[in-house]
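Structures incoming, each one as C-alpha cells.
Below are two complexes that have chain A in common, paired first with chain B and then with chain C.
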Partner chain A sequence: MTAAPLLKIEDLRTYFYSRSKQAFIRSVDGVSLEIAKGETLGVVGESGSGKSITALSVMGLISGGPGVISGKIGFKTDSLQRNLLHQLEDYVTITKKDNRIMQVNKEEAGWDRHTDHLMDRIRGKEIAMIFQNPKSSLNPFTPVGKQITEAIQLHTAVRSEQEAKERALSWLDRVRIDSPRLRFDNYPYGLSGGMCQRAMIAMALACEPSLLIADEPTTGLDATIQSKIVDLLAELKTELGITTMLISHDISIISRLADAIAVMYGGTVFEYGPAKEILSSWFTSKHPYTTALLTSVPSAQNIREKGYLQAIEGDVLDTINIPAGCRFYSRCNRVTEKIRERCERCEPELREIVPGHKVRCWLYYE
Partner chain B sequence: MKLSAIRPIALVLSRELTITALLLLGVSFVVFIILYLSPGDPFSVLLEGQVSTEEAREGLREAMGVPKSWYSQYLSWLTNMLQGNFGTSVRTGLPVLQEVLRMGLNTVVLTIGSLFITLLLAVPLALYSAVRGTDRISWPLTMFSYVISALPVFWLGYIVIYFFTHKLGIFPMAFGYSSGGSGSAWLYALLPIFVLGIGNGTVSEVIRFLRSEMSRVMAEDYIRTARAKGASVWKHSFKEGLLIPVTEIIASKIPFILGGAVIVEQVFNWPGMGKMAWQAAQDRDYPVIMGVAILAAVLVRLGSLFQSVVYVAVNPRASKE
Partner chain C sequence: MTETASFTSRTLHYLLKNRLAVTGAVLVLLVFILSIFAPLFAPYDPATIDIKNILVGPSLAHPLGTDDLGRDVLSRMLWGGRVSLEVGFIAVSIATVIGILLGSLAGYYGGWIDSVIMRGVDIMLSIPTIFLILAVIAILEPSIINIMIVIGLTSWMEPARLIRAEFISIKEREFVTAARAIGAGDKRIMIRHILPNGLSPILVSATMGVGAAILVESGLSFLGLGVQPPTPSWGSLLSSGKDNIEIAWWLSAFPGLAILLTVLGYNLLGEGIRDALDPRQNE
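Now for the complex of A and B:
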C-alpha cells in the first residue's frame, strides 16, 4: 500500500430507501479502501455485509430504483484521473421529518446519464468485472466468442472482425479452455459453469483493464471447479500482474490470492491490513469477527482442534436498524467488563494498531 | 445464413405445417357439424318468399346435386376442397375460393395494419416504462391508452365515423363510394385500421406484456454483464426483451383481431372476410362459411408459424431440440 493507489474509495455510502419503513437500508455505510497497482485486495464477509454492493457502486451499476450513493471513488491511471461519484448526489433530494426519511426523490434519467458519463471508457476498458453464476452472466443468445470480440472491438484499437477473433481465441487459450476454435462458436448453454467463468475471465481481461473486480467468482461452481478457477486467477496474477479486487465470503479463496484483506461486516470495514497478518496465527490483535471467520473455515486443522466446526453465533446485522454501539456487539464473544459499556453505546473507529493494519474494535483502544 | 442455421428452421416448418393440415381438417369438420346442427339451411333461404314446402326444398337439393346424408355432404366437400375446389356461393354463384381470397386480402390489410398501429403505440410506451418505471410521462400516456383500449370497437368506430366523415369530412364516406380514385380508397382504409389498432383491448394488453417481459430481461445477469463491459444494453436485451415477446404477441393476437375485424368491417362497411362471414351466416351460405372458416384458421396458423420460426432462428437452444 505504498504506491499511489489505483482505486481509492473514501467513505462510500450506498443506501437503499425502504418506503414502508421510511428509512434507509444502509448496505454500505462508510467504507474506505484502496488498491495499489498490481495488488490483489480481498474483501471478505458474510452475505449481506455489503461487499458486492461496494463493487457494484464502483462500477456504477447501482441504478434501478432507490439506490443512493455518496462518498468518493477516486480512480487514477497514468492517463486518467476521475472521481467516479463526482456530483452524483446532485440528482437526489432527501426529505426528512423528525428523523424519518419521508421521501427520496431521485432523478433517474439524469442519474443514469451522469453515471454513464462518469463511467465512460472505464466500464470494460479500465475496470472489468466478473460475477458469480457465470452461466447466467453470459448472454444466452450470442455465441461466447462473439461476446469476447464485442468487448475487444469496443475497447481496443482492434476493429476488424478477423483480428478481434484471433485475439479472443488467444485469450480463450490463455484461460485454459481447450479447443478454443470449437468453443468460440458455442453458446453459453453448451458450456459448463467452469468454462463459462473462464470465458468471462477471458472477456474481462481481453481489453487489458487496469483493474479486475471479481465478485464471488467461484460461488455456484462445483468444489473441484472452484479450486481450478482460483488456480487460474493465481496464475494470471503472477503472469500478468493484474490489479484485482476479489470479493468472496470464503476466506480460504481470499487467502490464496490476496495481498491485502478487508473484512467487512454490516456495511463497514472491521479490519483492513496485509493478508499475511490477518491470516497468520501469530498476529493476535485481530478483530473478534475476523478470528471467528477464520475458525469457521471448514479446514482439517480447525475441526481437529475443536472436534467440531465453530460457527458464528447469531444472525447477520439488520442494516435498517443499526445499533448505536459496535455492529458486532450482540454476537461478539470477546466483550470484557472493562469495555462493555463502550461496545454497547459507541461505535469504534477503524483504528491503525500497527502500521498498515487497521481494526475497528474497542479492545485495541488503550 | 449458414446451413446449420437453416436446418432447424426447416424442421420447425415441416412440423408446423403437419399440425396445420390436421388442424384445418378438424376446423372444417367442427364448423360443418355446427352448420348442420343449426336451424335453417340454404334452400329455405333461396326459396324465401315462395311456398317453402318440403318437396320444393328436396327438389332444389337434388337439382343442386347436394348429397342427402350429412357425412356424404361433408365428404363431398372435403374431396372437392382437397382438389382445390371450395364450391360456389349459394347466393351469388361465384367461386368461393376466389371470393374468399379477394375479401381475405382486405382483412389481412386491416389485421396487419391495426397490429402495426398497436405495436407503434405500445412498444415505445412499454420500453420506456420498463426502463424508467412509471413516471410523469409514462403514467398519463399508459392510462390514456388503457381507457382507449377499454372502449368497445363498434362504439369507437361510430364515433370516429361521425367526427372524421360527417363533421370534418376528411375521410370518404364508405369503401368504394369515393369518387376520388384510388387515392381516397387507401385513405378510407386508415379509419378502420386505426380503430381496430387502438381499440379492441389489445394496446393495454400488449403494453403490459411487453413491459413485464422487458423489465424481467433488464434484471437478468447477462444485462448486468453487458453494462459492466460498457456494451449497449439495448443490443443485448433486444432479442429476449423485445423480438421474442413481439412475435408472441403477434401470433397470439391474430385470432382476437380477426374477431374484432368482424365488427369493425360491419361498422365501416369494409369488404373483408368478417363482413363476408356475417353475410354468409345470414344467408346460410354454407360453402362461403366453410371457406371463411378455413381461411381464418390458415391466418391464425400463419401467425404461430411466424412465431415458431422467429423463436428457433433467435434462440440457439430451441434449435438444438
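Now for the complex of A and C:
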C-alpha cells in the first residue's frame, strides 16, 4: 500500500443495547481498516459480521443507542483532513471491568448534532453511499431524475436547474440507462430493480465523491442483473478510478472488483491483504475462516474437485456473548493441539505475516 | 392495472370504482359549483326584501319559497353555501397546517419535543370543543373570520396525530437513510422526503374535516353565535326558519337538507379516498 490512505478506520467500536437481553450487541468490535486512494477494498463476511454497521458508522448514520462508542476514522483528501469521530470521547463514558466494556453512557442527542456538524460537506459530497435495496432507497414520490438533480444542486457549484438536469442526464447515460431522457421523469416504481440501482449509482457518483461506499449493491437483484451491475461497477472503476469500499457477502463479486480484501467475522477483521493473495490458491497462510469461505463458493472448480459444496459448520457468532478466545474457535477446523489452549483463552491480534498482509490467528505466531 | 401505473391514477381508478365515493364526489362538486357561481345561478339578490311576497311556498317564481321578509330562499341558500364552504375550507386549512407542523416536529425529533407537543394534543382533546368554541365566540364578536380561526384552532389535533404517526414510521425507511447519506439536512428530509410520503391519511382527514367544520359552523349559526344577519349561511337560515316552521316548512327543510347532503358528500368522499389508498385494495 504505497499511497497514503484516503480512509483509515482505527479500532472502531459500534455497540447496540439489547433491552430484552440486558446486554450489548457488539456489532463492530475493534475494526481497523485502510483504503488507499484509487483502490477498491472488498469487505467480505457473513451476515451479522458488522460490515454494514462499519459502513454506516463511517457515514455517521447509526441510529439507536449507544452506537459508535470509540475509535478513529481518519479521512484525508487533497483538500481536507478530518477525524470523523473527532471529540467522540467527550460524549461517551465507558466503564470497563477486566478489560471488557460493561457500561456505556453516551450523550446521544449531543453526539448526533456533533456528527451532523462533522459530516457536513462530507456526506454525499466526499463520501457517497449506495444501498442494498435500490427500490426502497429512492424516494417513491419524486421522479428519479429530479432526485439526482437535487443531489447535484446540493453539492456542486451547479445551481441552475437546466445545467443540473443536463449533468444528471449525462450521468444516467454513463450508468447505461437507456433513453435517459424518458427515464428522467419516471418514478422509482416505474423502473426495474436494476435500473433503480443504476440510478442510485448515478446519484452517488454525480457529485464526484472521493469515496464510494457500496453496501451489498447487488444483493436485492436477481442473478443476471447482478452481473450487469458488477460489469458497470468494473467499468466505472477503470473509467473514473474512484476509491470504493465494496461490501458484500458474495466473494465472487469481491473477487472481480477488489484490489484489497478485508475478511470480517463477528465484528472484527480476521484478515486484511491484497486481493490477489487472499483469493489465490498458492498463498496458504490464510485465516482458516477465509479458506473455509473460499471453499464454500459454489464455483465449478470446487464442485469438480470435491463433488459437493463445502459449508462452514456451526452458526454465525453471537455478538452478545463473545467468547474470551478467538471468535472463530468453536467453528475452526484447523486448531492444533499446540495452540488449542491459546485459541480458547486469548484473542489473537491482527498481525502482519507478510508485508501488507495481516491475519488474526494463532497459527501464524511462531 | 399494471404495476407501473402511477400512484395518482391508481388511486383514482379505485375511487371511481366505488359508487358511494362517486356519489360523494358528485355531491361535493355540485355544491362547490353552485356556491362558487352563486351570482350566476341565484335568481334574486339574497338581501332584497319583498314585502308583497312574504312566506310564499315553493313556486315557479321562487323555487324554494320566500322567507318572512320576502327574500328568495334559493338565492339565500346559494350565497349561504359560499359562506359555509369558505368556513369549511379555511378552518380545515388552518387545522391541517398547524397539525402538519406540530405533528412533523413531534414525529421527527421525538424525545421531549414529542412529549410537549403530544401533551398539548391531549389537553386540547380533553376539552369539549363545542364549549370552548362557544366560550371564545361569546368573548370575541361572532364573525366569519373568528369562526374560521376558532374552528381551525380546535381541530388540529387529529391531523397532528396522523402526521406524527406517519413521520415515526417513514423516518425509519431506507430512502430516508439514503437521503441522509447524500447529505440532505433535517429540514430537507422532513419537507421533501417524509412529508409527501405521509400525506395520504391527511387527505382523508381533511376531506372529512370540511364536512365537520361546516356542521360546527351551522350549529354555531343556529345558536346565533355564528355568521350574523343579514349575511346568509345555512345554519342561520335554518335558525331563522324555526320561528315559522309551522306555516313555512321550506324555510328550515331546504337549508337542513343542504347541510345534510354536503356533509354526507364529504364523508362519503373521505371514506372513498381512504379505501382507495388502502394497499389491501390492490388485489
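Heads up, the rule we're going with is that the second predicted complex is superposed on the first by the 344 of 366 C-alpha atoms of A that agree within 3 Å, B and C clash if a C-alpha of one lies under 4 Å from a C-alpha of the other, contacts with A are read in each partner's own complex, and residues count from 1 in each chain.
Here, a contact is a pair of C-beta atoms (placed from the backbone, for glycine too) under 8 Å apart; a residue touches a chain by one contact, two chains touch by 3 or more.
These figures come from a predicted structure and were not determined experimentally.
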item	value
Fit-or-clash call for chain B and chain C when the two complexes are aligned on chain A	clash
Contacts of A:259 with chain B and chain C, given as first, second, both or neither	neither
Which superposed partner A:109 touches (first chain B, second chain C, both, neither)	both
Which of chain B and chain C A:347 touches, first, second, both or neither	neither
Touched partner set for A:137, first chain B, second chain C, both or neither	both
Clash-bearing segment of chain B, relative to chain C, as chosen among 26-34, 44-52 or 134-142	134-142
Set intersection of chain A contacts, chain C complex versus chain B complex	59, 61, 109, 119, 121-125, 128-129, 131, 133, 136-142, 150-151, 154-155, 187, 189, 200, 203-204
Chain A-facing residues of chain B, complex	132-133, 135, 218-222, 224-231, 236, 239-240, 314-317
Partner chain A, residues of chain C touching it in the complex	3-4, 6-7, 111, 173-175, 177-185, 192-193, 196-197
Chain A - residues contacting chain B, complex	59, 61, 64-65, 108-109, 119, 121-125, 128-129, 131, 133, 136-143, 150-151, 154-155, 187, 189, 200, 203-204
Contacting residues of chain A [partner chain C, same complex]	56, 59, 61, 109, 116, 119, 121-125, 128-129, 131-133, 136-142, 150-151, 154-155, 187, 189-190, 200, 203-204, 207
